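These notes open a run of structures that come right after.
Next come two complexes built around subunit A: one with subunit B, the other with subunit C.
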Partner chain A sequence: MLAALALRNLFRNRRRTMLSMVVIGVGVVSLLLTLGFIRYSFDGLSDAIIRGGLAHLEVAPASVGDGTGNPIIDRAGSPPAFHGWQAVRDRIESRADVQATSAAVQLAGVLLNGDRSMAFMGAAVEPARQRSMGIAVKLRAGEALPDDAPVAGDDRVLLGVDLARALHVEVGDSIVAMVGTAAGTLNAVDLTVAGIFTTGLQELDARMAQMHLATAQRLMGTDDVTSLLVGLKDRAATETVARAIREDVATITPALTVADWESRAPFYRQVRGLYIGIFVFLGTIIGLLVCLSASNTFQMSVLERVREFGTLLAMGTDRGQLARLVVLEAVWLGVIGGAIGSILAAIIAFTINSIGIQMPPPPAAVDPLTLLVLIKPTDFLYAIVFMVVLLAIATVPPILKILRLQVVEALSHV
Partner chain B sequence: MTARATAGVPVFEARGASKTYQQGAITVSAVSDISLSIAAGDFVVLAGPSGSGKSTLLNLLGGLDRPSQGSVSFAGADIGASSEADRVALRRDRLGFIFQAFNLVPVLSAFENVEYALWLTGQPRAERKARVMKALDDVGLSHRASHRPDHLSGGERQRVALARALVHDPVAIVADEPTASLDSHTAADVLMLFRTLNEARGTTFLVATHDPSIVAVAPRVIRLVDGRVASDTRVGPS
Partner chain C sequence: MSSRRVLTIGLAVALAGVGLAAQNMDALLRRSDVGGFVPVACRIRLSMQQEGVAGSTDRKAPAMSEVELPGVSAVELWRSGANRTLVRFLDPKERGKYLLRLGADLWFIAPGAKNPVKLSPTHRVYGAATIDVLLGMHLADNYRIAGTSSGSTPAGAVVVFDLQAKAEQQQFASVRYTVQTSTERPVSALYRLHSGRDATLIEFFEWAGGARGPSHAKRILVRDLLRKGAVTRIETVEFEERAVPDGLFDLKDPSARKALEKTVQSQSLLKQNH
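Let's look at the complex of A and B:
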C-alpha cells in the first residue's frame, strides 16, 4: 500500500516530478555514455596493445629485465638469455586455449645512413607466427617482413615513421645496424628498408625498428631469444592461462616468469587511471547535482503535505512508516527517471555507433579515434541503482523534518 | 482486533488537565484544570465559541497532545504519560478521527482512503476489502468507492472520513468540527449518521463543535469558556 501511495504521490505535482526526472535522466545519459566511451577506449586500447606486439602473455627468464614494465624498453639492453625456448614453446602450444606463440628478441643499437645515425630499439619477430596471433604491423609504406628466415645478405628491416624520417630513408634504401653481441662485442649488418610502420605512439615511432628473428640472432651471434610471446584465443582467460602456464614452467631452471599484457603496459595503466579519474569526477558532479536537485524537490513535496502527514500520524501511522513513504517516493523517482535515462542513453549510443564519429588522436597517439560507445546491459542497472541511492540520500533532510513533526501543529498547518 | 473499553471504566477521563503554550515570552493557557469523564457509548459534544479550548481538549483526549499539567486517560490508562509508541498504537487501534476539512489523502480513492486505516492495523488484503466495503456501505457510499476525493461532494468526503474512522471498529470517534465545512442539509445528514452509528454500534462519539444543530440534539453537552468547563449538561439517556 505504501509503495502504491508513494508512486501516486510522485505525480501530484507533475511539472516538478518531470523536472526531477529530466535531471535524473540527463545524469544517467551522461554517466552511461561516458562509461560506454571509456569502456570502448579501454577495449580498443588493450586490443591495440595486445595486437601491437605485446601479446596476451610473455614468458621470459626471470633474471632479465629491470622491472620498468615495458619489455621493449626493459630488455632491449640485455642480450637474449632464454635457452631451450623451443621446448617451452612446444609445451605452451600444446594447450587448447593458446592460439600461437612467437619467439622475440629485443635489442638496442645504432642505425646508420651515411653520416646520419640514430639510436634505436628493435624487436625481432617471427612474422608468420605473429600474424597467426593477430599481431599486425601498421604499415605506412612498403611491405611486411617476409615469413621465411632471410638468408645472409638479404636482411630487411621495418622502421618507425619518425625514425625513418630522422634517418632520411625510404622504402628500398639500405642502412647499417650496429648492436652489441651476446659475447659483448660489436657487430654490424646491412639492412634493406622493407617498410615503414607506426606503433600508434609518437614516442615509439621515433625509436622502433623491427626485423626477422633470424636476422637479430645472426646479428647478435646467438640462438637464444629474449622471450616467448603467447597469443590466447580469449582475452578474458588471460589470468587463468597465465596461472596455468606459471605452474607448468615452475620446474624449469633457470626460472621463468609469466607476465600478462596489462602488467607490461604502463601506458595502458596510466590511461586507465586517467579515464577512471575523469569518470569518478564526472560521477561526483552529476551525483551532487542530482542529490541537490532531488533534495529540494523532496523538501518542497514534504512541506506541501505537512497537514496530510499530521492526519496520517493522527490515524496511527508511525514516523518510520512516513519516512519509508518518502524513501519509496525517491525509489520510484530513481527507477522511473533512471529507466527513461537508460532508454535515451541506449538510443543515443546506437545513433553514435551507427554514425561513426571521428575523434582527433588521443595524446601521444597517431591515429584518429572513431567515437564508439559500448554499454553493457548491467550498466543500465548500475546507473538506476546509483540514482536510487543518490535520491535516497537526498531524502534525509525531509525525513528529519518528518521525524520532528508535532501532530497537532501539523494538523493546523496551512 | 480492537480492544473494547472495559465496562464501568470511563473511555475518556481528564483530571485537572491543563495545556499551556509558549508564545515568545508569554505563556498562553489553552485549557485549564479540566476534569471530566466520558463513558463508553456516550455521544458527547464539546461546545463553545472559537478559542474556548475545544480543539485543544479534543487533542488531549485523543492522544494527539500531552497535558502540561494534570492527567488524561483512555480506558484507565494515562495517555499523557505513555510512550510515543503506545500513543500511536492507541490512535491506530482504538480511536477514529474525523476532521473539519475531511483530511482525505487526495491521491487515494474513497476505498483506499478507508483501507489505509485497516492497513495500519496489519489486516490481510482480503479481509481489508470486505471490511472497507462494509464501512462504505454503512455510510451509504459503496457506489462511490473508486472515486477520488476531488470527485466527491463535501458530504460524501465527510462520509468517507467517517467510514475511515469506523472501519477498524474503534472504541471512540474523535471529531473536530465535522460539519463546519458542510451545508446545513448535508451537516444534518452526517449528524444523523453519527447518531445512528453511536446507537447501533455503541461507539463513543466525542465531537467538538459550535454548530447549534449538533448541540441541540446531543445527549450530553460540555460547554467550554476560556479554556474551562462552564457546564456539563446531560439531556436524557445517551
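Let's look at the complex of A and C:
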C-alpha cells in the first residue's frame, strides 16, 4: 500500500522526477561502462600475461627467488637449479585439470653481432608444450622455434623487436650468445635468428630473447631447468590446482614452491591497483553528485508537501510512516532510474563492442588497444542497489525535517 | 777541516745513502715481483676452488689436487712471452674453451662459437682470479714506489711497498705489496681501485723454485673484497718450463689447440687403460 503510494507520488511532479532519473541513469551508465572497461582491461591483461609466457602456475626450487617478485629479474642471474624436473613434470601432467607442463630456463647474458653487443634476458622453452598451453609468440618476422631440440650447431633464437634492431640483425643472421654457465665459467654459442617477436611491452622487447630449452641448457652447461610452467584447462581453478600441486610436491627435496601467475606478475598487480583506485575515485564522485542532486530533489519535494504531511499527521499518521514513504519514493526512483541506466549502458556497451574502437597503446605497450566493455549481468543489479542505497542516504535530511515537523505550523505552512 | 766541509760531506753521504736505499728497494721489488718469476715460456696447471662451493677456506685445508671434486675447476695456462697467454679449461664440461690473451686484448674461444669473442682484459678466469692474478702484474714495471715500511709477521721480517700506478689506465691505482725479506717472495698484495676502495687481496702461501731463478706460488688465496670477501683458492698442480707452440696463440686457426685436445684425450685414455 505504502509502496504503491510512493510510486504514485513520484509522478506528481513528472519533470522533477524525470530530471532525477536522468541524473541517476547517467550515473549508472558511467559506473557500468567504467566497470566494464576495467574488467576488460583486467581480463585482457591477465590473459596476455598468462599466454605471454607466465602460464597459470610455476613450480620452482624454493631456494631460487621467493616467487613473489618479477620472476624474470629474480632468476635470470641464477643458474638453473631444478634437478629431477622430468619426474615432477610427469606427475603434474598426469592431473586431469592440467593442460600441459613445460620446462623453462631463464638466463641472462650478452648477444654479439660483430662489434655490436647487447645484454639480454632469455627465456628458454619447449615450443610444442608451450603451444599446447596456449602460450603464443607474437612474431613480427621469420618463424617460430622448431619443436624438436636442435642439434649442436643448429641453435636458433627469437629476438625481441628492439633487441634485433639494436643488434642490427635480421631473420637468418647469425649472432653469438655469451652467458655465465652453471659452473661459474663462460660459454658462447652461435645462434641463427629464426624470428623477431614482440612481448607487447617495449621495455622487454629491447631485452628479451627466446630459444629452445636444449639450446639454453647447452649454453649453460646443465641439464637442470629454472622452473616448470603449468598451463591449466580452467583459469578459475588456479588456486585449487595450486593447492593440490603444493600438497603433491611437498615431499620432494629440495623443497619446491608453487606460485600462481598473479603473484608472479607485479605489473598486473600495479595496474589492477591503479584501475581500482580510479574506479573508486570515479564512483565516489558519481555517488556524491547523485546523492546531492537527489537530496535536493527530496528536500524540495518535502517542502512542497509540508501542509500535506501536516494534514496526515493531524489525521493520526505515524511520523515513521511518513519517513518510510519518503524512503520508498527514493527506492522507486533508484530502481527505475537504475534500470533505465542499465538498459542504456547495455545498449552503449553493445555499440562500442560492435564498432571496435582502437585506442593508442597504453604506456610501455606496443600494440594499440581495442576498446571493449565487458559487463556481467550481476553488474546491473549491483549498480541499481548502489543507486538505491545512495538515494536512501539522500533522504536523511528531508526525513529529519519531517520528524521535526509541528502539526499546527505545518497546517498553516504556505 | 772546516765545519762547512764536514757538513757538505755529511750531506753527500746521507743523500748517497738515501739513493742507495731507494735503489735497494727498487731492486727488491723487481726481485720479488710475481710477474717477473714466471718463465717466459711455460705450462702451468692450476686447480681453483671458490669458497662456499665445496670445502672450507682454512689456510691449512687439505690440498685439492683432485679436480673432480665438486666446485673445483681446473685450468691450464700456456705462456709464451710476456704478451701471449692461453688459458685452457680442463673440466669435462668446459673442454674446448679457451681464454687467449694477446697483448692488451683478451679473447674467449668456445667450441659452440665459430669466432672468438672479445672480452674485457680484466675478465675473471674463475671466481675472483684474473689472468693477471695468476701470472702477476709486473708491478716493478707498471708501478712506482710511493713509500716503504718494515714490519714483521710470524714467518719473519717483511717490507711493505706502497705502489702507485704509473699510468692511469691501470685497473688498480695502488697496490700494497708485502714481501718477506728473507726469501724475497711476496706474502700478500692488496689492490685498490682509483676510488681508493680495496678491491682484491691476494695471499701467497708456498713458493717453489729457487730464490733467483723461475719460481711460482704453490698456493694462492684471492679475496674479492668487492664481493663480500668471496675467496678463490688456487693451487699449482703442475709447473713446466717448456717451449710453447706458436699455433696455440693463433686467433683464427684452431688446429694447434685441437691437436692439443686430441693429445690430452689420448693421454687420458692411455692412463685409463694403464
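Heads up, the rule we're going with is that the second predicted complex is superposed on the first by the 411 of 414 C-alpha atoms of A that agree within 3 Å, B and C clash if a C-alpha of one lies under 4 Å from a C-alpha of the other, contacts with A are read in each partner's own complex, and residues count from 1 in each chain.
In this section, a contact is a pair of C-beta atoms (placed from the backbone, for glycine too) under 8 Å apart; a residue touches a chain by one contact, two chains touch by 3 or more.
Here the structure is a predicted model, which means the values were calculated and not measured.
Participant: Contacts for A:G184 in the overlay, against subunit B (first) and subunit C (second): which applies, first, second, both or neither?
Facilitator: Second partner only.
Participant: Report for A:N9: first if it touches subunit B alone, second if subunit C alone, otherwise both or neither.
Facilitator: first
Participant: For A:G221, using the defined touch cut-off, is the partner it touches subunit B, subunit C, both, or neither? Pick first, second, both or neither.
Facilitator: In the superposed model, A:G221 contacts subunit C only, not subunit B.
Participant: Let me test your reading of the model: by the given contact rule, A:D318 touches which partner, first (subunit B), second (subunit C), both or neither?
Facilitator: The first partner, subunit B, only.
Participant: Does subunit B (first) or subunit C (second) touch A:A152, or do both, or does neither?
Facilitator: Only subunit C is touched by A:A152; subunit B is not.
Participant: Contact-wise, after the overlay, does A:V176 reach subunit B, subunit C, both or neither (first, second, both, neither)?
Facilitator: After superposition on chain A, A:V176 lies in contact with subunit C alone.
Participant: For subunit A, give the residues common to its interface with subunit B and its interface with subunit C.
Facilitator: On subunit A, no residue contacts both subunit B in one structure and subunit C in the other.
Participant: Give the list of subunit A residues in touch with subunit B in this complex.
Facilitator: Checking each residue of subunit A against subunit B gives 1, 4-5, 8-9, 11-12, 307-308, 311-318, 321, 407-408, 411.
Participant: Residues of subunit C touching subunit A in their complex?
Facilitator: Touching subunit A: residues 50, 53, 73, 89, 91, 93-94, 97, 108, 110, 112-115, 117, 119, 123, 126-127 of subunit C.
Participant: Flag every residue of subunit B that touches subunit A in the complex, lowest number first.
Facilitator: Residues 59, 62, 64-65, 85, 88-93, 95, 97, 99, 103, 105-108, 112, 115-117, 119-121, 164.
Participant: Which residues of subunit A touch subunit C in the complex?
Facilitator: Going through subunit A, the ones touching subunit C are 112, 152-153, 155, 176, 178, 181, 183-190, 218-219, 221.
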